[in-house]
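Written below as structure tokens is the structure these notes are about.
To keep things simple, chains are lettered A, B and C as they appear, and every chain counts its residues starting from 1.
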Amino acid sequence: MSFHSSHEAYDRINMIQKLLTLKPRSRGFHLVTDEILEQLPELHAVRAGLVHIHILHTSASLTLNENADPTVRGDFERWCNEHVPENAPYYRHTMEGSDDMPAHIKASLLGSSVMIPVRDGSFLLGTWQGIYLGEHREHGGSRRIAVTVLDGR
Amino acid sequence: MSFHSSHEAYDRINMIQKLLTLKPRSRGFHLVTDEILEQLPELHAVRAGLVHIHILHTSASLTLNENADPTVRGDFERWCNEHVPENAPYYRHTMEGSDDMPAHIKASLLGSSVMIPVRDGSFLLGTWQGIYLGEHREHGGSRRIAVTVLDGR
Amino acid sequence: MSFHSSHEAYDRINMIQKLLTLKPRSRGFHLVTDEILEQLPELHAVRAGLVHIHILHTSASLTLNENADPTVRGDFERWCNEHVPENAPYYRHTMEGSDDMPAHIKASLLGSSVMIPVRDGSFLLGTWQGIYLGEHREHGGSRRIAVTVLDGR
């Protein structure tokens, strides 16, 4: 991640856009950095840029957090369940199951997309950063994401 | 939303930037996708890209969530009011009314902007996704947003 | 912030990417707009664009909020400590100190990056908007950020 000058300038930007699918996962938080990278070989050729990763659903989320200790992901799920409870007495959107309305709120608190800098063919992330999929439904199934890469030339 | 190839590449990017105004709304969450689209006819000509929509205020928010059932928006407001209460004993920023400090916190939890992929002249969103304006003041008035479109050619 | 036409279009986009360092700060929320601007003289030459500011850590955050009254930043810290407590009985990631797991959760609630429109050489922000660094550790030290500027020509 060391840069050879104080900044790098690029005269032109190319763009790539594609749809990916993330495999089904259990309710909770999951590290998906590698699953996304495997489906994005185009990134290897990018010297510097930005990548926007957007989840096309309202009951799952994308966020960046600690990539090493799985108990962090468990604690995320436990905090979420405590603070965005099922069956709150004030919920009126209850027809799609007790996990549905909390899933919508969690999705907006954590976010539907991440924007990540790119450098030398990979994500420019901190040592401990990885991409979390927040799967907020019991049976969310596979999740579709739209990826847009801005590639400085 | 089906793509005709595994990915689409674009050699050049154009940019459009403009200021829009959203009409005044009551405190709560409101679906504003159509109101934004109506003020963004430039989007029709965009084959693929990204649009950044930024609200120029600290007591209102933009987020993506469920676009069909209005009780979801009501449940968002009720969850927010329960978890970001007015008149918390530890608030010291209280001069601008009891709805003001909670509005600031809600704005940062939900976010000041959304970045949305664009495809074939419209937002590339999931079937159930729409843009919510979170109006967190009692009398927020009209809200200004800055829109920046990145248009791949 | 007044625009001279309904929208401005730009045929080409340049990109600049650089790493910056924010000086160490105490736990809490801090206004860092000026510290970032001082390290980003390249922004003066940008007529219109976007800037992505990304923090390379999982226990600190970046968000936009009220830039005038410091009690707002204090209330942010107090709300966070109340709602993302230390020593919750369900935390299992506890080896790095009682401030560590709450710091991770706060980082994802508030976000790792901000994307801000640029206009006439500076951030296109609302009158009351500034950039907050959320320092969620007791001794977080200096924080590294990656800045990517998209510059419409």
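As a working rule, a contact is a pair of C-beta atoms (placed from the backbone, for glycine too) under 8 Å apart; a residue touches a chain by one contact, two chains touch by 3 or more.
Quick caveat, the model's predicted, so the values are computed rather than measured.
Enquirer: Where chain A and chain B touch, do the two copies share over half of their residue numbers, giving same, or under half, giving different?
Expert: different
Enquirer: Rotation angle for the CA superposition of chain A on chain C, to the nearest 5°?
Expert: The best-fit rotation has an angle of 120 degrees.
Enquirer: What's the distance between the Cα centroids of chain A and chain B, rounded to whole Å?
Expert: Roughly 18 Å, centre to centre.
Enquirer: I need the residues of chain B touching at least two other chains; which ones are they?
Expert: In chain B, 12-13, 83, 109, 111, 115, 150 touch at least two other chains.
Enquirer: Please name which positions on chain C make contact with chain A in the complex.
Expert: Against chain A, the touching part of chain C is residues 12-19, 42, 52, 54-58, 83-84, 88, 90-93, 101, 104-105, 107-109, 111-113, 115, 144, 146, 148, 150.
Enquirer: Inside the complex, what are the residues of chain A that reach chain C?
Expert: 1, 3, 6-13, 48-50, 63-66, 69, 71-72, 74-76, 78-79, 82-83, 109-111, 114-117, 119, 124-129, 132, 150, 152
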